[in-house]
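Next up: the structures, one after another.
After this come two complexes, each holding chain A, first together with chain B and then together with chain C.
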Partner chain A sequence: MNDLISTVDWSRAQFALTAMYHWLFVPLTLGLAVIVAVMETIYYRTRSERWLAITKFWMTLFGVNFAIGVATGIILEFEFGSNWSNYSWFVGDIFGAPLAIEGILAFFMEATFVAVMFFGWKKVSAGFHLTATWLTAIGATLSALWILVANAWMQYPVGMEFDPAQMRNVMDDFWAVAFSPVAVHKFIHTVFSGWILAGIFVLGVSAWFLYKKRNPELAIRSIKVGGWVGAIGMLITLWSGDNSAVDVARVQPMKLAAMEGLYDGKCGQELVGIAMLNPDKQPGDDLDPYLFDISIPKGLSLLATHSLNGFVPGINDLIDGIELTESGDTIHTVSYAERIAMGRQAHEALRTYDAAMAAGDTAAMSAAAADLKANYQYFGYGYLSSPEDAVPPIGLTFYAFRLMVCIGGLLVLVIAVMLFSAYRRQGWLDKKWLLWVAMLSIPLVYVCSQAGWVTAEVGRQPWIIQDLMPVQAAISAIPTATVILTFCLFALIFTGFLAAEIGIMLRQISKGSKMDYESLKD
Partner chain B sequence: MSAQSTAKTSPRRVRSFLSRVADLYVDGFRSMKSTGRTLWLLIILKAILLFAVMKLFFFPDLLKRDYSTDAERAQAVRTSLTR
Partner chain C sequence: MDTLTCLQQYWWLIIAVLGAALVFLLFVQGGQSMLLCRSLTSTDRKLIINVLGKKWELGFTTLVVFGGAFFASFPLFYSTSFGGAYWLWMLILFSFILQAVSYEFRSKPGNIFGTRTYDVFLFINGCVGCTLLGEAVAMMFFGGEFTVTKTNILDGAAPVISQWAPTHGLEAIICWKNLLMGVMVLMLARTLGALYLIMAVSHDESFHRKMRRNLVVNAAIFVVLFLVFAAVLLTADGVQVAPDGSMQWVANKYLHNLLDMPVVACIFLLGVVGVLWGIAAPLITKGYRHGFWWSGAGTALVVISLFCVAGFNATAYYPSLTDVQSSLTITNSSSSIFTLKVMSWVSVLVPFVLAYIAYVWYKMSGKPESPANVDQVY
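This part shows the complex of A and B:
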C-alpha cells in the first residue's frame, strides 16, 4: 500500500513536471505565431524592408522556441500508457479521438506551413508566405484546442456512457465533449493567455534593446504590435476567466472552495483578496480559516453566480450536502458520505457484472449493469476512505490562484504603460526602471501562466476524472523506483534542452539587436 | 481529345508540384545557417532520446505489452478497479 502511494505521488510529480515543461514552450508558440503573422501582414501591406527585418527577427525566435518545444508533449502520452494504464483504458476513445485529431492537425498544418515560413521566403509569393504564417498560427491554436477539449472532459465528463463489458467510457455525443462550456472557456482562457505571454515576451526583449540603446525603432514597433496582441489577449483572458469561475462554481464547487480557502459558505459570500491561511485548519473544526484576510464584500458570490446574494458552498457545506437559496432556505443535496456509499454500490455492481459475465449469465449482467448505471455518477467516490479525502490541497490551490491573479494584474499595468509610452510618451522608454520592469515581466508571466495550471490541476484533486476516478485508481502497478528513475531522467534531459533553448534564444536576441536595421528602406 | 490532354497533364502537374515541394525542403536545408543546423541537431537528438530510449526502455504501454486482446485488457482493468 505504501509503495502504491509512493508510486502515485511520484507519477503525479512526473506528470506535473512534464506538463509544466511542455507549457513553457506552448504559450509562446501560440502567441508569438500571431504576433509574427501581424508583423508580416504589416510588411505585406507596406513592403517596408524594416518590417520585413522585424518579422524575420521575431520569426527566428519563434522558430527556436518551436524547435526546442516540439514533441515535449509526447512524453505525456507515454506516461498515460505506462504510469496511468487504468486511466488510459478507462477514458477510451474520448481521450483518443481529440488527441488523434490534434496529432493529424499538428503534423499536417504546423509541419507543412512552418517549413514554408522558414524556407519559403524566396520560393513562394509574398501572399502565399503570409497565408502560411497565418495558417501556422491557426494550426498551433487548433492543436491546442483538442488537447484542451480532452483536459476539459477530465474536469467535466460529458457526452459518454460507461460500458462495463469494455470497461471504457464510450463517447456517444462528440459535440457535447468538444463544445462543453468548460472546454470552450478553457480553450479561450488558455490560448489567449498565450497571447499575453508572448506579448510580454516581446515587450521584455524590446525593453532590452532600448536598455542597450540598440535598434530603438525596431523595439518600439515591436512594442506596439506585441503590446496590442498582449492587450487583446488580456481582455479576452479576463472575460473567459470570469466564465471559467462560473463553470468551476457549477461543476467543480470543491475546487472553488479550495481556491478561496472557504469552509463555510453563505449567500453574499465575500471574495478573499489577500490572506494567509491558517495551516491548522481542517474540515469540520471551529478554527478560523485565515490568520488574516482582506476581503471584498459579496465578491465571490458575484464572481461565481453573477448575483450579489448567490450562495457559494464551502468545503463543509459540500461534504455535508447542504446548499442555501438566496432567501436562506436550506436545500439538501447529496452528501459526500452518500456519494461514497453510492460509489461503493457501483463497485459492487461491477464485481457482480464481472462474475455474471464469467458465468455467462446475461440476465444477471443486465441487472448489474443497471445498478452500476444508477450509481455511476459517483463511481470514483467508492475509492475514498472518508469525505475529507475529496478535499484538494487547500494551500497550494489557494496561493497559486492568488499568484496568478496578482501577477496578471501587474501585467495589465505593464502592457498599458508600455503601449502608452510607445504611442504617446516615448521619453518614458528611456527610463531604466520601466525597462527593467518590462524585462522582469518575462519570468513573471511564465510564473503566472504556470500558476494558472497549478490552480486548475491541483484544485481538482483527488480526481483524475471528476467524480469518476481518483488518481490512486488510475495508476498502474509499477515499481516506484522505475518512476523515480524516469522522473530524474526526464528532469535532466529536458533541463538540458531548456538551457539550450535559452542559450540559442539569447544569442539570436543579441544578434538581432546588432543588425543593420537603420540602413534598411522603410 | 480534351479529356486525353487532361489525363496527360494531371500527373505532370502533380509531379511538378511535388518536385517544387521537395526543392523547398532541399534548398531550405542546404541554405540553413548554423542556428538552424543546431536546432535540427537538437530535434534529432530529442527524437532519439524520446523514441529510441525513453519509450522503448522506460515507458512501455503496459496493457498492450501484457495482454494480447482488448477483452483481456478490459478484464485486467476491471479486476484492478474492483479489487
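This part shows the complex of A and C:
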C-alpha cells in the first residue's frame, strides 16, 4: 500500500512535470500563430517587404517553440495509458474520443500546414501560404479545443453512464461531453490566455529592440499587432474567467473553497484579496484561517453566485453537508461521511452484481444494478478513508490562484500602456523603466499561466474524475523506483531542451534586431 | 453480424490503416539511421536532413493519432499495454522526443549541444524508434506477460486491473521473436529511407551511388529477416476465441488465419511483391527513381494484412502468456457501441484529411533536392 501511494505521488509528479513543460510552449504557439497570421495578412494586402520581414522574424520564433510543444504533447497522451492505466480503462470509452478526434481533425491540420508555413515561401503562392498560416493557427486552436474538452470532462463528468457488466463508464451523449459549460468556458479561458501570453511575449521582445534602439519601426509595428491580440485575449479571458468561477462554484465547490482558503462560508461572503494563510489551520478546528487578510465585502458571493447575498460554502460546510439560504435557513445536503458510505455501498453493489452475473442470477443483477445506480454519483468516495481526504492542498491552490489574478491584473496595465504608447505617445517608448516592465512581463506571464493550471489541477485533488475516481484508484501497477527513474529522465531531457530553446530564441531575437530592416521597401 | 461487431471490425481496420501509415512513414527514421554513415559527406548529410525534415511531422502526427485512435476504440489495450510494457513504450517516447526538437534545433545558433549531438539524437530515434515500434507490434502475435482482472478496481489496497510481469516491458524488448520483428522493421525503414532519398535527391551521382549501396545491403538483410519472421509467424501458436468468449492456444493459428481469409492472403502477397519490386526496380533500371512508392504501398498492404491476421477470424490480438483468458480481442477490449458510432462519424472526414495531406505533399515536393540548391533549412 505504501508503494502504491508512493507510485501515485511520483506518477502525479511526472504528469505535472510533463504538463507544466508542455504548457510553457503551447500558449505561445496558440497566440503567436494568430499574431503571425495577422502580420502575414497585412503583408499579403500591402506586399510590403518590411511586413514580410516582421512576419518571418516572429515565424522563426514560432517554429523554435512549436517543435518542443509537439514533443511534450505526445508524452502527455501516452502517459494516460502508461501511468494511469486504470483510469484509461474506467473512462477510456469517453476520454479517448476527444483525444482521437484531436489527432484526426486538428493535429494533422496543424502539422501539415506548418510545413507549408516554414518551407513553402518559394513553393506555393502567397495566397496559399497565407491560408496555410491561418490553418496552422486554426489547427492549433482546434487541437486545444479537444484536449480541453477532455480535461473539462474530468472536472465535470457528464454524458455518460456506468456499465456494471464491464466495470467502466460508457458515453451516452457526445454533445454533452463536447459542449458542457465547463468545457466551453475552459476552452475559451485557456486559449485566449495563450493570446495574452503571446501578446506579452511580443511586447517584451519588442521592448528589448527599443531598449537597444534597434529596428524601432519593426518593434512598434509588432507592439501594435501583439498588443491588440493580447488585449482581445485579456478581455475574453476576464469574461470567461468569471464564467469559470461560477462553474467551479457549482460543480467543484471544494475547489472554490480551497482557492479562497474558506472554511466556514456564509451569505454575502467576502472575497479575499491579499492574505497569508494560517499554516496550522485544519478542517473542523476553531483557528482563524488567515494570519492577516484584506478582503472585499460580498465579493466572493457576487463572483460565485452573481448575487451579493448568495451563499458560498466553506470546507467545513461541505464536509458537514450544510448550506444556508439567503434568508439564513440551514439546509442539510449530503455530508462527506455520507458520501463515503454511499461510495462504499456502490462498491458493494458492484461486487454483488459481478457475483450475480457469474451465477447467472438476473434478479439479483437487477437489484444490485439499482442499488449501484442510486449510489454511483459518489462512487469515488468509496476509496477514501475519511472526509478530510477529499480536501485538496489548500496553500498551493490558494496562493496559485492569487498569483494568477494579481499578475493578470498587472498585465492588463502593461498591455494597455504599451498599446496606448505605440499609437498615441511613442515618446513613452523611450522610457527605460517602461521597457523594463514590458521585458519583465515575459517571465511574469509564464508564472501567471502556470499558476492558472496549478489552481485548476491541484484544486480538484484528490479527484482524477470529479467524485468518481480518486488518483490512487487510477494508476498503473508500476514500482515507484521505475516512475522515479522516468521522472528524472523526463526532467533531464525537458530541462536540457528548454535551455536549448531559450538559447536559440535569444540568438534569433538578437539576429532579428540586427537585420537590415530600414533598407527594405515598405 | 450485429452492429457492434461491425463497428469493432471497422475500427480494427482503421487501426490497421493507421499502423500501415505509421510503418510507411518510418522511412524518415530509416533515413535518419543512416546519418552517421562514414561514407557520407557533410553535403550529403545536409541533403538528407533537408529532405527528411519536411516530412518528419507526418510520422509524428500519425503516431499521435494511432495512440489516440487506439485509446478511443480499444481502451483496454491502451491501459494494459501502455501501463504494463512501461519501459518499451517509455523508450519509444524518449526516442520520439529527441526527433521532434532535433530538426528544428540542430543548425540554429545557441542550441547549446551542437549540431553533431542533434544528429546523434536523430540517429537514435531512427534506430531505437523503428526497432521498438516493431517489437511493440510483434507482441500482438507473440504475446505479453499480463493479466486482466476487472474486479481489482474494487480492491482499495491494490485497485489496478491490468497487471504485468515485474520487468514491465524489458522482458518483451529482449524476447528474440519481438527483437526479430523489431530489427526487421528497422531494416525495412532503412530500405524505404534509401529509396526515398534516391527519389527526392537529384543531380548527384555520388549520393545516388551511396544510397544504392545502402539499399542493396539493407534490403538484403531485410529480405532474410522477413523470411525468418514469416516462418516464425506462420508456425507460431495463437489464441483462438470460442463463441462463448473463452480462449485457448492453438497451433499455427496465423497460418490458418491466412488460409481462412484468402482476401487477406492476397493483400499480403501483393504487398510483398510491391515491396520487392520497389527495391528491385531502381537496381535493375538505371535512372528509375520511384521505387519508393512501390515499396511504400507494398509495406502498407503487408502491415494491413498482418493486423487483419492478428485481430480477425476469432483471434486474440494481444495474447497473454500468463493467463490466456486475459488475452485481448477486438470484442473484449473495445469501446461501447455508442463511442464507436461517434468515432465512425468522425472517421468519415479521414479521406478529406488524407486529401489535403496528399495535396500539400504534392505542392511541397517541387523539384528534387540537389547539392546545387541545398540551402540549409535545418
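Please note the rule applied: the second predicted complex is superposed on the first by the 520 of 522 C-alpha atoms of A that agree within 3 Å, B and C clash if a C-alpha of one lies under 4 Å from a C-alpha of the other, contacts with A are read in each partner's own complex, and residues count from 1 in each chain.
Heads up, the rule we're going with is that a contact is a pair of C-beta atoms (placed from the backbone, for glycine too) under 8 Å apart; a residue touches a chain by one contact, two chains touch by 3 or more.
Keep in mind it's a predicted model, so treat the numbers as computed, not measured.
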Room on chain A for both chain B and chain C (clash or fit): clash
Touched partner set for A:Ala499, first chain B, second chain C, both or neither: second
First, second, both or neither for A:Phe113, with chain B first and chain C second: second
Touched partner set for A:Ala97, first chain B, second chain C, both or neither: second
A:Gln166 touches, of chain B and chain C: first, second, both or neither? both
Touching partner for A:Leu148 - first (chain B), second (chain C), both, neither: neither
Per-residue touch tally on chain A - higher for chain B or for chain C: C
Partner chain(s) touched by A:Arg351 [first = chain B, second = chain C, both, neither]: both
Segment of chain C intruding into chain B (one of 21-29, 93-101 or 237-245): 93-101
Chain B and chain C contact sites that coincide on chain A, given as residue numbers: 63-64, 67-68, 70-71, 74-75, 78, 81-82, 85-86, 88-90, 115-116, 118-120, 123-124, 166-168, 347, 350-351, 354, 473, 476-478, 482, 486, 489, 493, 497, 500, 504, 507-508
Chain B to chain A touching residues, read off their complex: 20, 23-25, 27-29, 35-36, 38-40, 42-43, 46-47, 49-50, 54-55, 58-64, 70, 73-75, 77-82
Residue ranges of chain A in contact with chain C within the complex: 1, 4, 63-64, 66-68, 70-75, 77-78, 80-90, 92-97, 99-105, 107-109, 111-116, 118-120, 123-124, 128, 132, 163, 166-168, 170-172, 174, 347, 350-351, 354, 382-383, 472-473, 475-479, 482, 486, 489, 493, 496-497, 499-501, 503-508, 511
Contacting residues of chain A [partner chain B, same complex]: 60, 63-64, 67-68, 70-71, 74-75, 78-79, 81-82, 85-86, 88-90, 115-116, 118-120, 123-124, 164-168, 347, 350-351, 354, 473, 476-478, 482, 485-486, 489-490, 493, 497, 500, 504, 507-508
Chain C residues within the chain A interface of the complex: 54, 57-58, 60-61, 63-65, 67-69, 71-73, 75-76, 78-84, 86-87, 89-90, 93-94, 96-98, 100-101, 103-105, 108-113, 150-151, 153-154, 156-164, 166, 168, 335-336, 338-339, 342-343, 346-347, 349-350, 353, 356-357, 360, 363-364, 366, 377
